[in-house]
């Protein structure tokens, strides 16, 4: 049975890294699960679509798709159906990652679709203004990731603390319930602690874990830096 | 071990139909395989991405992805990596289906990528002119599907035989090696026989099989109508 | 010298109708100007890009572009530069019309660009949720247009009064300054009066005027139904 | 009355450079016309949409749009109608520039639309394979521009002569009538002469002219290097 996702949380985006494809993806997911079991901090993974089922069958932590399309079952060759990722074991989906930016009307439709299909919606936003716009769409989780920091190793919680506190304030004015994560450049436990101090309820990470020599070690460091 | 794909062939596109999602997709793939075993006509399936691995582990007929993106491993959240579908067991991919139309430069890049990664490229085209343009990109397989007939039950081999013979002539002038399929509206064995008579080397089918009461029966009819 | 735009206002979107292309577009703009001169209600036009200069040189009412791209001067063949429409005489631009839907990050960038270049931003939205999201981006003007009513002759102010009042309430909670228009299906003076009664500050109209036998007559009816 | 376009030709793409926007665009077009008048080499301009009419009213050389959309008159806010650019005085359009890449089906539809509306189609292609695919669509003019050289000042005719000769050979096998231009990095008269020696019938240029201190001088050098 899958564990529930509870703040504070660490969501690991596998992107399309070769270190997180196929059997390596399953192994990585095991390490992410191990950190949860040892620390009781909520951890989750967002693997490539093709790997969702194998991972969901292997680990008990929550699995997200990286994207779904705003469609119902039918003739949509090459698209991603909510039902397909759900049946494979995903409990939610990333939406509008800065590497997969969507139309405003699509984000709205996918958040609504996820709600209807009982999938968690985790929508990414690039700056405070966009974060507020996203919050208005009432997703379950909002992740703020300034795209110019993604993959740089410069943590958003340090380089742009103002971005996060501004976002928190503005978002809370119109949406008191959305879970707020931050991402981009998170590489050390202290970055995670800094993010939490700013009021966020977790982090969305990718290369910092996926491309680490020992992903387990780094993720454990992240989790240990988090306060329940 | 997977069977090789040899003309004449029947490729079944699962699209995002609910009748071809998850465990139903695996069952459908089994039926497609059964027809191959009984008739020795090459059959293949193009399931949704999430279902590729489960199907490739279950059946011995070739499995295609419905789409891959023109990317190498890296930071491409929500995209489809050639390596991921290959490791999951796919031996090729559909490209530019009329429900997932691509930029010309993307089609070129994906055909090239597929060649490099040793995946078969099956590119769809809507009309004779576009078919010739696609043939110039040297894919392994070209499928001509007039989009106005898709899902109608009116077979392209009957409604538009001229479309197919024109395409054959023009395509062969610049590409003598590409395998040519036709699709759209194929519903009966006689449609398949008609298509073959026009010189095509197989069919790309979807709703005619997927939404049939007894997909095995219809597909068997298709295969029986084909000449080796 | 151009007239200023002041609520209540009527903005006429010329779309790509043949009745509003080239010399016919100039003639139509003259009729829209005439209604302003006679009634002192603010009227504005959004012609096709190619016709902006000729219209801006002919009439004194405000002219909007139908779209600009989020770019600075440079190598962007085929794109629409803010500077180019401004130099031609436009004082603002439509953004994210339901027939030209944009990525959330693009809408944000274009609103910001318009502010910087001193162009008015008029952003379209399809439903209350999207309207609130758009309001968070702080455009000058927000137009709500349920796409299922566009071009039907069924006025949004009658078919969906709840859509408009909901939008007003939600939008005002996070943005007290944006001018709110409504659109879709507005065909008679009573539709305009109904829209104004619901609290909107004007209408965005298209086929109701452009395709009318006598656009001046209808527009005059609209303006007469409005209260200053 | 407008001059006819005859090989060899020089087509100047104004892109969205500030040096080629508004009144500067008109001035630049005059200089391009002057070179034609002095040398009798065919020259043409592709200004921004907003500037087409003013330029077409000022000069007698052919004017191209930088893009049109595959649409008929109707409800397509923010799109570019063939009729609108034609009525403004354009005699043709660029299609699929590497900065405005299109779907294969769109290129096909726009070439067909241009033919129907009696506009010349000038389709850009990035490499030999894509050039052959484009040639299959039977445009009036084909311009090959390796995108990695655009704006670099390294002429395609020197850096990649093989690209051009390969293209010539392959294209001529399936299309004996299309006019073939080359572009990217053309900066000196000798580049133009080299391109012509390789068999091309003209050049498509942009920054080399638009951003030159004296565009007339450089363009005159280009024209003088061309043989009638």
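When the chains are written out, they are named A, B, C and D in that same order, and each has its own residue count from 1.
Going forward, a residue touches a chain if its C-beta (ideal position, glycine included) is under 8 Å from a C-beta of that chain, and two chains touch if they have at least 3 such contacts.
A quick note: this is a predicted structure, and the numbers were derived from the prediction, not measured.
Asker: How many Å are there between the centre of subunit A and the centre of subunit C, using C-alpha atoms for each centre?
Answerer: A distance of 37 Å separates the two centres.
Asker: At what distance in angstrom does the C-alpha mean of subunit D lie from that of subunit A?
Answerer: Here the centre of subunit D sits 45 Å away from the centre of subunit A.
Asker: Can you list every residue of subunit B that touches 2 or more other chains, as numbers and ranges?
Answerer: 98, in rising order.
Asker: Tell me the shape of the graph of touching chains, choosing from line, ring, star, complete and other.
Answerer: Shape of the chain contacts: a ring, since each chain touches exactly two and the loop closes.
Asker: So, with touch as defined above, which chain pairs make the list?
Answerer: All touching pairs, sorted by chain label, are A-B, A-C, B-D, C-D.
Asker: Under the definition above, what is the set of subunit A residues touching subunit C in their complex?
Answerer: 96, 98, 101-105, 107-108, 126-127, 129-130, 132-138, 170, 173-174
Asker: Which positions of subunit A touch subunit B when the two form their complex?
Answerer: Going by the criterion above, the answer is residues 13, 15-18, 21-23, 46, 48-54, 66-67, 71, 73-81, 83-85, 87-88, 94, 97-100, 150-151, 206-207.
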